[in-house]
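Here it is, the structure in full.
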């Protein structure tokens, strides 16, 4: 699958506060990609950078193979998003809101198409009501309609379940899954709830305090037997070829510094033995706990420290 | 761009607060007309002062539609900036406050385009306000008070003057004055828009723009030579009342007004250029800052 | 033509004999001449010359009805008509409950020898305190008049005669009067300063205003339209 989003070394400071610190990740076409982190971890800042609401301090963002800094309009015309709350013009009806944002996206949908979209999100028969009469869940559904009306390839939802009741959350989940499965859209989804990501996403990234903690396939990352191993060695090249020779995929490496890869906890002693035999010096080796445990410790340090 | 402008105008059209401005203008104009119909003579006496000791004047005829419009504009054009600020000051900050700015900026539209469209929409709103003022303050006054020569009472430096413009020489002056007022009010729109870029609620920029207009107007009216010579020329508010220049009729050496003339066209032209420069700079600065702004709302 | 001849015959002896007349008789002769006009209706233009007034020339109709009623009506609704112009009728200076005439000597003006007559009203409550008439004894015409009043200051008339000199009615009249300085309370106008302000002057003294009244035609002793007075 080709990467549809490539974010590299993204950093952003607000004054002295570092909001994003060297974040890199990629999203493949067709992914439901989860963005997991506590509130304030940098999820929204990253997403806002991707939607060009915030200018990155450094780093690059490429979407659909285009540079966001130079091809903003082209990228945004194929992207739909709900950033934080789904806010619309409260003094206008759902139909009018949808029509306005469709036209801003550069299309002129027919009345039928607009109504069809409102049917898809379950707002048919309420389309003439002013948005100020809507519940949070209805606004969220209208937000989804707005983000989909121009038939984008990529859809980004920032905390779509926020402020919704359980029924609302379940409805939104269904909608997102339908749009991924039925319409083949690539979806980026942020949440502070691991369970939500686990339920919907196939790939994910965890960020904390503006730094990337881990990125990978949800199924693997959430496999309790799996550990993320960070091996610090001055001879990364030799270590790299030794480890890949064992059929292990390196997920991240910095020359002369470290390598990072996933490994079953039980295989770690054998690997260290092998490295020693090869005469590859090891400065430090660190295996992280299972991801869930790790994430919970982030969100609630007192209980899981 | 045209589509965006259409959307912007649609939003303004649909907002209840848009109509507050039109209602306010209608109310002020009607109150003026009622007051002058009831007791315009008192006001005329105030303006004429001791001139009445030396001259006979038909005061009823002097309080005609043209005179009324001038009096109304005189007051209204000091209040209307607030109404313009009410819409233009809300242009960006209102969207930020509502949260729609985020959504808007994730659409394939450049920020410069958004600023230009917001500015154009405020400009069109201003034009419509002026058009409504023309309908109510001018045409309705002409209907109620009739047509006759117009008297302009003016303080020029240390002198007070009364100018009389014949009735067949007035209409074009009003059209020119409304045109000028449109440019002057557009400066207020541009100023409000500029503040709007930095704020996340609409109260701030509206209050800021109105305060600047009030403070500068007060300073503009301080009668101290230092201020008159060194401060006043740099305050844009000094030029807001330039529409009156079209009613300062030129005179021949024996003080007889020359039909179709303006006393000092060069001064009006310069004022217009200064106002236009303000608009260009303010809209340009709005776009510059808006393009560099991180949207955190 | 017959009328003209008649006038010359009638007035001829009067003008010749006037030279020897006392000042009292001269004034009486002028009054008698003016009294021939019982009423008139005249078209005129008024050009007002007052520094603070920038007003166009007003087209007016002047109505007079003896002995001393005068009314100036503008063709247009809005015009500034000098109030004192109501007394442009020199005859009105010689009305009222008697007056005393004092000989003021002679003065040469525009190549004419004029007899100066000072008229003091006998009525002590009269607004007019003193009128000075410069009388052309040859034609029995008042060429200039200065009137001092209690309430309205001093005003002056300079009269030029032509077609209607036989009736003592001027073709042109320059009326000078006092006007108080006009000062608008600042702040009620919010004016546009076009950078052309005149230099502040330290004048608060009453200014002189002038009104030039040019008569184009008279209809003398014909019935006036009703409702004028």
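Note that the chains take the letters A, B and C in the order they are written out, and that residue 1 is the start of every chain.
Methods note: a contact is a pair of C-beta atoms (placed from the backbone, for glycine too) under 8 Å apart; a residue touches a chain by one contact, two chains touch by 3 or more.
Here the structure is a predicted model, which is why all the values come from computation and not from measurement.
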So with touch defined the way it is at the top, what topology do the chains form here? Options are line, ring, star, complete, other.
line
What is the chain whose Cα centroid lies farthest from the Cα centroid of chain B?
A
Between A-B and B-C, name the chain pair that shares the greater number of C-beta pairs in contact.
B-C
Using the mean of all protein Cα atoms as the middle point, what chain has its own Cα mean nearest that point?
B
Cα-centroid distance, chain A relative to chain C, in whole angstrom
99
Cα centre of chain A to Cα centre of chain B, whole Å, reads 51
Between chain B and chain C, what distance separates the C-alpha centroids? Give it in angstrom.
48
Quick check: in the complex, which residue numbers of chain A touch chain B?
14, 48, 51-55, 72-77, 79-85, 87-92, 96, 100-101, 103-106, 146
Residues of chain B touching chain C in their complex?
46-47, 49-51, 53-58, 61-62, 64, 74, 78, 148-151, 153-164, 166, 221, 223, 228, 232, 238, 241-245, 248-249, 251, 254-257, 259, 263-264, 267-268, 271
Which part of chain C faces chain B closely enough to touch in the complex?
47, 49-57, 72, 74, 76-84, 152, 177-180, 182-201, 209
For a test of understanding, state which residues of chain B touch chain A in their complex under the given definition.
3-4, 7, 10-11, 14-16, 98-100, 102-110, 292, 294-296
